[in-house]
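Have a look at the structure below, then the notes.
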């Protein structure tokens, strides 16, 4: 198992390097550099030149990259050219909010979707199965930001049950914290639930035709035991792959959902960085999101290895 | 072909999706004839009026007719879909076929690039590209096109690898058929069906992405009648006028739903083995 | 009534119905099995032998399109009349099942020991460690060396022969009085086949369980069975002790099967049976074998020959078998 995790880690390294190169050079392409953005209407060529050399922006681009990546390795992501705050501390402030939103959405979605998918497969071909299929299709088609908007419209503006936005940290109590995340989690998690339900259903249908399921039946296992013990564990193998892909959706979608519900997470930070042309902040944010994505996928890989023993021993 | 259609025909969801897409195309083409009002005409007298016989879906904060803007919005959505998916389909397939067919360092390079692009959440990647290019319809289509290129590249590469070593390609080789001819006559037709399915599903993603990016203010310009823009401005007015937020969202959902169900139906029809009985 | 009688199947029918047609996979099947006896059920693929096992285990018959009729007395109780709940207590417990394909019959995500221990856990409500020690004992019994390590391994770490041993261990874990083995050696190498067959005979000697062995391979039958029933198109066409059947086959189909089987040391040409088994959904009157039978005559077209006694312990369903024919 240790070997397996190490192997997954090694695979992640070139991707991380690629991501850093991509983000660094992509952002160099943004029209109008930071200095222009900082000076705004008071643009003075001499002052601009001075600022550029102070910030290292007059060096060759490759050198700038190497300096930047060197600093990143030391944990120094630079300082925000707009607020002057160190990028890392800005990110660390925002990361827990995005992570909580994404993981909560994922967990809620899985808890609802996997049993539904299993039942749809078990009731294969019945009306309940078709209903869940149609619901699943709607779930992957409805835009999360519209769903969020509708939730606000109904539960905040009309029924006054829930806050329309803003984040309550855990320090204010878990109840308040969850109240502030309830609608964002529904808005973000619906699509994940729909995708997971659909893939669980089709994986389960495949598994239920396997010989070892017939064998379990011949052993005298009850239907419940066959489905939840023998079937589900096997069906989860392909489902986990789909869940891994969903992590990307969750992190990307949180950019939008954070905007809809005014949650101060990493996605909002990225949007602010874009509108302020805050290079170092934007670079740091994207790199951070990519690393988070890769790390969560690594965790998924480990779970995958735990579910599927034949992978583990390869 | 007939067999595929016969299987497709029995999938109610897929057939209704297809009908809705055809309807959407007709609406987009004849928007000017169908729309009851000019989508750009403002009217201070008619600001934020609810659904009525003259404005079925009500009006927005500038008094513009929402139904007409939704009808014109179908043009934006379809245009984004066609161009963005077209770009990613062509570029991605070419990349993937080259990677799968040539192997070696070319394959490694292309595969690493797609790996890296996959490691970024697609909306975030599109956001950064839009930040670089600046908001406009053309840039939006390009950005979405870039984001979905790796998917096509991966599918094409996988499919090429799958059949490159198969017996009939070997047979063609041994008979002295030229490489490029093998590629064109034997490999491309064989990788077409997974790609067709992906094209349909990507259409759904493209429509969603356009709406999302426009919603965030990084898509098309704010006066464009786009479904995403309409939702974006509705945020500030929906407390007074729910219809501004409800109808454009229904339009997006229905369009995306249709493309998704057609993609699903095609997948089941083209490959009966994966048919899950729906 | 014979005290030794373990299984008494009478007029068993298993039909599959669809909108267009009804497939009579098993049609009016009767046979008996004694304690400690190995009965071979032989026939070509599609003759209904696997359906017979599924019917006895009641793995079919629970859906509308599956129709089951007849009686199957197992230890005096009719299996066909049992509810699914009651059958759950019998399957794996009193009746052990050895599946056709060991490669895919083991669950890939649980250890072998876990899958065997599940049987006493379900049927005897054994505690976890008790069940585990039963699993270890079973693995030892089926001849898996280093069984304590092996029990903690997964199916993909087992070879084909070991997988089948594990499947047999699973079937034995409930201490059954009847073992049903559906082509237990078909998927295995020839050398492994012999080992598995030896193992089954040894286990029968130890446990005195009755064994219903389904196979298409007359070589397997000759090696292990006490008695043989030959199946054709959903019916038994001949039934006899193994020596009697091999030396005095009565039914033309049995003769055909024997003639198409290679014998060591014999240079006689192998004679295949011409033609194909009939479709099980468009059956007409008369003998089902008539189209392929070299001896068919008028009566065969109109009257279906019943299975009748032609000697002590020997039954055949052929119009000719009462008048011994030796000309073949």
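Lettered A, B and C in written order, each chain numbered from 1.
Here is the rule we go by: a contact is a pair of C-beta atoms (placed from the backbone, for glycine too) under 8 Å apart; a residue touches a chain by one contact, two chains touch by 3 or more.
These figures come from a predicted structure and were not determined experimentally.
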item	value
Set of chains whose contacts include both chain B and chain A	none
Which two chains share the largest set of C-beta contact pairs	A-B
Greatest separation from chain B - chain, by CA centre	C
Chain centre separation in whole Å, for chain B relative to chain A (CA means)	22
Centroid spacing, where centroids are CA-atom means, of chain B and chain C in whole angstrom	56
Chain A, residues touching no fewer than two other chains	none
Partner chain C, residues of chain A touching it in the complex	210-212, 214-222, 225, 230, 233-234, 237, 307-310, 313
Chain A residues within the chain B interface of the complex	14-16, 18-19, 22-23, 26-27, 29-31, 124-125, 129-130, 133-134, 137-138, 140-143, 145-146, 149-150, 152-153, 157, 201-202, 205, 248-249, 251-253, 255-256, 259-260, 267, 270-271, 274, 282, 286, 289-290, 293-294
List of chain B residues in touch with chain A within their complex	13, 112-113, 115-124, 127-129, 131-132, 134, 204, 208, 211-212, 215-216, 218, 231, 234-235, 238-239, 242, 245-246, 248-249, 252-253, 256-257, 260-261, 264, 274, 276-278
Partner chain A, residues of chain C touching it in the complex	57, 59, 87-93, 97, 99-101, 104-110, 118-119, 122-123, 154, 156-157, 167, 170, 174
